[in-house]
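What follows is a single structure, written as structure tokens, with notes after it.
Note that the chains are named A, B, C and D in the order they appear, and that numbering of residues resets to 1 at the start of each chain.
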Amino acid sequence: MLFSAHQLSCIRSHKTLFENVSFQISAGQLLLVEGKNGAGKTSLLKLLTGLRRPDSGEVHWNNLNILNSESDFRSHLAWLGHQNPLKEEQTALENLILLGHIRPRNTNSMISALKTVHLGHVKHKFIKTFSAGMKRRLCLASLLIADTPLWILDEPQAALDKAGIALFEDLAEQHLKNGGMIIMTSHHSVNIAPEYIQTLKLGQESQ
Amino acid sequence: MNILIKWYYRLGAPLWFYPLAGKLIPWVAALFLLFLIPGLYMGLVTAPADYQQGESFRIMYVHVPAAWMSMFVYLAMAIAAVVALVWRVRMAEIMIISAVPIGASFALIALLTGAFWGKPMWGAWWVWDARLTSELILLFIYLGILALYNAIEDKTTAGKAMSILTLVGVVNLPIIHYSVVWWNTLHQAATVSVFDKPSIHIDMLIPLLLMATAFKFLFLLILLLKMRANLIEQDVHSGWVKKIILDKQAEMEKEHD
Amino acid sequence: MTEFLHMGGYGFYVWSSFGLTTVILLANIIEPILHHKNALKEADDFYSEEN
Amino acid sequence: MNSFLTLVKRDLLLAYRSRGEAFNSLIFFGLVILLFPIGISASEKLLAEIAPGLIWIAALLASMLSLDNLFKEDFHDGTLEQWALSHHSLISFAWARLLSHWIITALPLIIIAPMFALSLNLPTEAIGVLIISLLLGTPLLTFIGGIGVALTTGLKKSSMLLPLLVLPFYIPVLIFGASAVDVSADGWSAAGQLYILAGLFVLGITLAPFAVATSLKVSVSQ
């Protein structure tokens, strides 16, 4: 499994956010994308997921361009953006069932996923009663039930408290150990064993 | 190899298109006048007056070409929309947004001249005739496309959204036209509509064809002018505009000293 | 000449139609030229202050 | 396929839980119809004459105004992004959203419409044709409107853009729908109009989801 980007560039309303960004990650590796706000971190992730076409350069999954359908890239990808894709009027379990439909499922049961993110006791409660941290953890649970090797996460630790961040780091390390891959943006460092981590700086220096 | 072609399409086209359009404009303007002047002269002076409508039929020489052009421009836009969406050619999107104002103007001219033609013949400024009503709807579709493009800031997304709407429009236009024609027969006895071209005598037909060709060259002229303007405005930050501007500045310095 | 202008009584309608058409089409020619001119001016300012 | 059904079930469940929203288009429909007798004149003969067109225009406006939040909420909370990146095609998502939106807003409207038709003393034999024409027409309005909504979902400011984009394409539906009811009110058979409406219906629900999916991809990539 290989995920690589070649000379990516992105222009947003006349401004070149970044140019010739290239990297390559394979199984068991985490790419940490760092940069000031507005350096184009989210835009880069949009290019990597295929939500937006790069203005130049290409993104490859197992050496196939992710935008053409043969690469079947989407059934290997789990994406988590800034917002939590949850509906307030639904319970935690209902939301998880919905999120389960979006990506190929693995064998973990929903209930066990909720328990690992310490939400087992509130599975039948409406999301609108949840704190931001709890909602973020529910999204992390949706990653656990997906059979997708590649996780692309936009600031997964946002709104998480210290325990939440520790939980995320365990899940990430577990995922990397099982041969998964993670690309994530973050403002603060991720304390996982450094040999897993590759960093990519975005912003003025790379110009 | 196809990556090179893709590059060429994406970036090379403006560098090649902009100066070429500049050179073409005078020629196209000349061709436009070449057809306009005889067309106008024959239409207004030599063509015999219509036995039924008298001199007012001469309005046909602007009304009919304008109505034809409003459809012609939309079809050209639809083709460009397919090119823009299927082969992702940005130049095609620039062509669509440059063509929308002209298309809308032709539709507006067709409506206004239709009203001025209908008043003496029909006694009313506005007639719910099938052709005029479809022309009015076409004008609204043009305005919708223009509004959509201007509502979206990011121009690449705006171009894509506009191309989709143009294609949705081209699928709906025949449906709208024939349902309006059907609706028209429902409400009005099928009287001879004033806009059916009167029995075309050869002397009347020639100016009409001349004017129609003149309008096509006019469309091309305005399109080239507008595309050059949109290209410079949108690509201000890209390399090819920088080259053109710096060349211009260099020339100006040469002239001064 | 006045006969020509009179257009068999329909002068008002014929000349209004031709007049309106000319006005609208002229506007369609002039607007892009102005648009192009100030787009060039803006690009000129952008590049002259840059270097 | 079952993700399609789950989506529809989920939307209906959500609509059930926030019931108020679904009634808005009904109340709007009733209000628009109320305006006409007040605005024009309550003489039976005149009302009966304009009733077919009036009910159809009210249904058309109600359906168009309820379209606005079709994808807006999904766009803002990230659900749209998730489905755009799911290995299912976006078309099934578009289909599910359009279908559930039609069930939530248009179906109650069709159930209420005969009552309003009677209030405008539309001849009773035209009621049957009214319901059939609405059953064929309103999904068409929702699917075509869905294209306009998908194109304008990404916009920051919610402007008057949607009606401007979508109304021209509603005209054929209005022509055949209103005339079907009008003709049957005069006692003639409305088969011709209903067949054409059915033809447009099939054309609409097959082609529109493709356009909606493509437009959603464009809006998501903003």
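Heads up, the rule we're going with is that a contact is a pair of C-beta atoms (placed from the backbone, for glycine too) under 8 Å apart; a residue touches a chain by one contact, two chains touch by 3 or more.
Quantities reported herein were computed from a predicted structural model and do not represent experimental measurements.
Number of steps on the shortest path from chain A to chain C, with steps defined by chain touch: 2.
By count of C-beta pairs in contact, B-C exceeds the other of the chain pairs B-C and B-D.
With centres set at the average Cα position, the gap from chain C to chain D is 42 Å. Here the CA centre of chain B is 15 Å from the CA centre of chain C. The geometric centre of chain B is 33 Å away from that of chain D, both derived from CA atoms. A separation of 37 Å divides the Cα centre of chain A from that of chain D.
Contact with two or more other chains is made by residues 53 of chain A.
Not a single residue in chain C touches at least two other chains. Annotation for chain D: residues 221-222 touch two or more other chains. Contact between chains, per the stated criterion, is found for A-B, A-D, B-C, B-D. Chain B contributes residues 10, 88, 153-155, 236-237 to its touches with chain A in the complex. Partner chain B is touched in their complex by these residues of chain D: 147, 151-152, 154-155, 159, 161, 164-165, 167-169, 171-172, 175-176, 179, 196, 200, 207, 211, 214-215, 218-219, 221-222. Considering their complex, residues 4, 7-11, 13-14, 16-18, 20-21, 24-25, 27-29, 31-33, 35-36, 39-40, 42-44, 46-48 of chain C touch chain B.
Residue ranges on chain B touching chain C, taken from their complex, read 44-45, 49, 54-56, 58-59, 62-63, 66, 98, 101-102, 105, 108-109, 112-113, 116-117, 119-120, 218, 221-222, 225-226, 228-230, 232-233, 236-237, 241-242, 245-246, 248-249. Of all the residues in chain A, the ones that touch chain D in their complex are 46, 49-53, 72, 74-75, 77, 79, 81-87, 89-90, 94, 97-99, 101-104.
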